[in-house]
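Chains here go by letter, A, B, C, D, E and F, matching the order in which they are written, and residues are numbered from 1 within each.
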């Protein structure tokens, strides 16, 4: 349910009922030739809507700017610092708490945001007792991703504009995918990429981390369905839990 | 033109051509019984689209959170601090400058953002020579607002959920206005409201500052048409100007 | 009454009686050939003394440094950042509140300070319940300024080293004005000056915004008399109001 | 020479000649029954004027607020944080450097400011090569103070509202001293006062650290004469030194 | 080689030769009944010494304080914030760069530090071109840990005072382990622990995450040997790489 | 007693008994040809151990990085900013207070740290009522240092790698002193060194401030014995004092 379409004469009662606010968070970031810069924004919004309808939550307006350090030098990418993102989410959390929300879901479709979101969640843990803050990036789906992937896996953690992310887009937002332009790119990620700051231009010019041509709607559906199931379970758990007495 | 739908293989050339990025900025804020919490967001986006099509600019994804100090205690309102907003816009300005943009338009449909936006613009003035930053809130329309207004004017500067703002909504986004709920509220704003921090609950319970029942699409059209004309002229001027040589 | 001439053995009782502290705030800034760099400081002090004697308030020592972004590149100007000014005034407000004051008047004779002063006032609104903070820059005098002005008005808001400000100086501090050097300068302020950061060297070399030769003591008297009257009324209102119960 | 009485049409040439700006810095602080809250401000201004006339320097407007941690709970005291003071002085130093000054003298008559002033001086050392920043608190006068003192010395470093400071006031600003109220107070400063934060209310109710009744104009003259001589020598040295080549 | 035992007359030449500085970083944190609070400090130092001797690097003095959010409420734990840790490491990195080092190894034996260390590494990436910063927490050992573990694995990522960490201690610092007190604790970590801030007192009172009684020196040796091998390879790679030309 | 060797099952009771935590703080800094870079670290640790055994306190792990502005350009020196040091010590103080400590001793063997430590102590004074914070740098030993010194005194306050500091090292840590390399250097410290930021390369190339060849174990013993005696007395005083009722 779209929070921003509510009006202030009726919203208070609904907040008391629903308890949960979901903030979709994405980024503006290079995603290869077949996906738009706003891919993570589209994914965050679509996912948020699906989850919200299952747990009867409010969906807040999309936060479309994220931390894009690794790809910030690619054409089109825009980045904000971790510090800025932490402050923004902390400010919002305080406002939501004042408004009566009990659960604040930070639903990011961009992995690069997670560090800042977790830090913000810790800040809010101290300043807003009674508010549970959840940070999601496709929770509990590592295994299913590995199962559906047919192409080579080029990195143990990153999924970006690849078979996996393109599949998710095909399921959630097919109209923004141009499969005719999808490419296969298996960059040789240097061995130190996990231990030293490594802008991606060091190993790829496409920003595609795998074989996007293998993407299918069905693969995406499997991942998204599980992500939603896990998200719903975690939110329902948080709704029942009363942080103030724990 | 929607920046986030571009892809990174083609966007660079287009940035060089267009030069201009428009960031619509709104807020989530109480707007009376007839307008949604997201009114300023809807307005910012619609205005940005109209202006962009006239000056051939990119429209960036909406920034839907703003500084809502005065109304932050009203049901549904969400606020971020001036400091957070300054940092966010400054970060984005630096990214846009790195990407090659020459003009960055901060188009806010929420007056409360302007202080932070002007401060961010000054920070960027030093750190991004060559980028012109413009801050808009219906530029040059004070007079036409006074002309079209039939009801009483309750404050010299604020327009909020009133005859004026509702008219603008009727012209730009009629589908989100419920005129059957529009009310007239002429709060007695205390004489010190301009000189001391004054949360609006001190003088209104509705957050409507005037007679919203007098709103019409035609009034809105007059204001918006002029705002667009002025915005276009200012942007065209900025495109021609070369900040680095001035 | 000069706060800094009190001694600590007697001041506490007087604070309880007077309740009000007025902080005159100015700037060191280019003011044309006929006015000194410290014009705004002189004005703030003189005004503060006059107002204080009418409302029986303490006058704090002058804060002579302000935010002078627009004129900072003119010979002689000194500037501090908004952030610095906000912190300084917030620190002082907390101290005054600890000392027992109920009303803190930020009396600036320099328009550029107002943004920071209003932000500081909001910070203090949260941290010092029971303290009312008022920010003044010739309150309620726009109309009388327009009435007395005979020369051309070059900007809708700025008054600087012009017919108006020189008149105020002639009334409050004639000994610092050299009318033999007063000049007329009608700069063509660019249309974008209100929407983009615009250092004044873009449009003037004198820093005089109008015809200073038309300044008279009588014009100044009209403006100052009204400014004092309005200030007194607002301070008396604040003294009666009890912020803690509102 | 009073910087703030200059005008912007003539000041640039004078800065080039004089090279030196002296900033008098004081505090608003309890000073016993016989001295006003603004004692340190008066002293800083008078000293600055005397030194400036000997080295042909500009005197900037007094900064009347300082770090008053130890006495902040005494009636009348006002304090700002070290952080705020550092930022303020750093901002001013940058401005002075832009205006062409070569030497920036931080002349404090309040010992509590020195920590912040030295930190600001270090910040400026990096950011303004070519500007020499000097921090003074009666430089080189410890010995003469010990010589002239007839009463008991209650602390190895502090001088406050005592025989010494009152003597200096008698010499520099007799009209603000009420010797009929001068008292003798020999507080027993706890042995840990130098190693743990110790608000002075722990050991004194008067804020007088010694026997103020023994103060004389002559004692003050000896101290001030030496302080001026030392200050002049240090400033002349700084004028000759070219920081950029050292 | 212990950096702090060098003297300033000879160190410069050695820095030029060695190029690499290793900073061991630990924490003071509850580690069950059989391991001391300083376990991570001991581990970091021992590991650093072993690696340094293989790559001929300098070992810097141990940084013994880390970010201990999750266990900060356990008896004995001490924590510093991420922000503080980021600043500290960034300051040190700048100093090392000034001294001529080319590679800065952040060797943490405490997982909770890694977020801050990676952020500091990114800050240094911008401010110290030519310095490669590596962040290590037993690099590349996940698999071998899973192989040697005989007991139940209670969390996918955390290793703490358990079979694994105790084994490492037995290999690197047996004298600090009291196996007679080692316990088995298989806490039921709540399903939301990965997505919401979860102080460990929510699921354990011992802070032991597994079966410490199964720890052996041999298991530890396998892990440490691989960690060293991987670290050495990464450092050698960094020494050869010239960041300024990449 | 070494805090980091305690375990979390037993430490709480011991904290209640001992009440006192001593943090040794040093620096990595050029100390001439005969003393290692880590001299201040060694001294801080040795002193802390001796004092702790007399007052039955816990010794925390050494903080080996300090503010080394004056010598930061000498080979081998590493520096962190005052701001970083303040935050670090403030964070630790809060943690110690949460753990139940009543007295926090900041024992620095590096003079350059004292400004930051005193500022941190003041921050903690407000935020941790009930915790007494003591800052030590050889308390109360100025006189004995002057007595034992046979060589020339080159500065009224600094002791660095000279007769005095080398003597202290000979007494506390003879194994790290190479007297065969000890030198005499009597730099001519410029008269403005106390009033303007003065990196020591302006007056010395050795970083030895005096005649280190005159150092003896006996001189060191006298100083250290008194420093310990004074420290013990101050700590015992702090243990008895109850800050919450004062």
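Throughout what follows, a contact is a pair of C-beta atoms (placed from the backbone, for glycine too) under 8 Å apart; a residue touches a chain by one contact, two chains touch by 3 or more.
Listed by chain with UniProt protein names: A, B, C, D, E, F = Creatininase family protein.
Only a predicted model underlies this, so the values are computations on that prediction, with no experimental measurement involved.
Trainee: Taking contact as defined at the start, I'd like the list of chains shared as neighbours by chain B and chain C.
Mentor: Both chain B and chain C are touched by no common chain, going by the contact rule given at the top.
Trainee: Hop distance check: chain C to chain F, minimum number of steps through touching chains?
Mentor: So the least number of steps between the two chains is 2.
Trainee: Hey, which pair has more contacts between C-betas, E-F or A-E?
Mentor: Greater number of contacting C-beta pairs: E-F.
Trainee: Measuring between mean CA coordinates, which chain is farthest from chain C?
Mentor: Of all the other chains, the one whose centre lies farthest from chain C is E.
Trainee: Measuring between Cα centroids, which chain is at the maximum distance from chain A?
Mentor: Centroid comparison gives D as the farthest chain from chain A.
Trainee: Using CA atom averages as chain centres, what separation in Å is found between chain A and chain E?
Mentor: Result: the chain centres lie 29 Å from each other.
Trainee: Roughly how many whole angstrom separate the Cα centroids of chain A and chain F?
Mentor: So the centre of chain A lies 49 Å away from the centre of chain F.
Trainee: Between chain B and chain F, tell me the centre distance in angstrom, where each centre is the average of that chain's C-alpha atoms.
Mentor: Centres of chain B and chain F (C-alpha means) sit 56 Å apart.
Trainee: Got the chain A residues that touch at least 2 other chains?
Mentor: If we look for residues of chain A contacting two or more partner chains, we find none.
Trainee: Beginning at chain C, go round the ring through chain D first and name each chain as you reach it.
Mentor: From chain C, continuing first to chain D, the chains appear as C, D, F, E, A, B.
Trainee: Would you pull the chain F residues touching chain D in the complex into a rising list?
Mentor: So the residues of chain F touching chain D come out as 69, 82, 115, 118-119, 121-122, 125, 132-136, 139, 191-192, 194-197, 202, 233-234, 237-238, 246.
Trainee: Spell out the residues on chain A that touch chain B in their complex, using ranges where they run on.
Mentor: Within the complex, chain A touches chain B at residues 2-9, 11-12, 15, 28, 30-38, 41, 60-65, 72-81, 83-84, 87-88, 91-92, 95-96, 98-99, 176, 181, 207.
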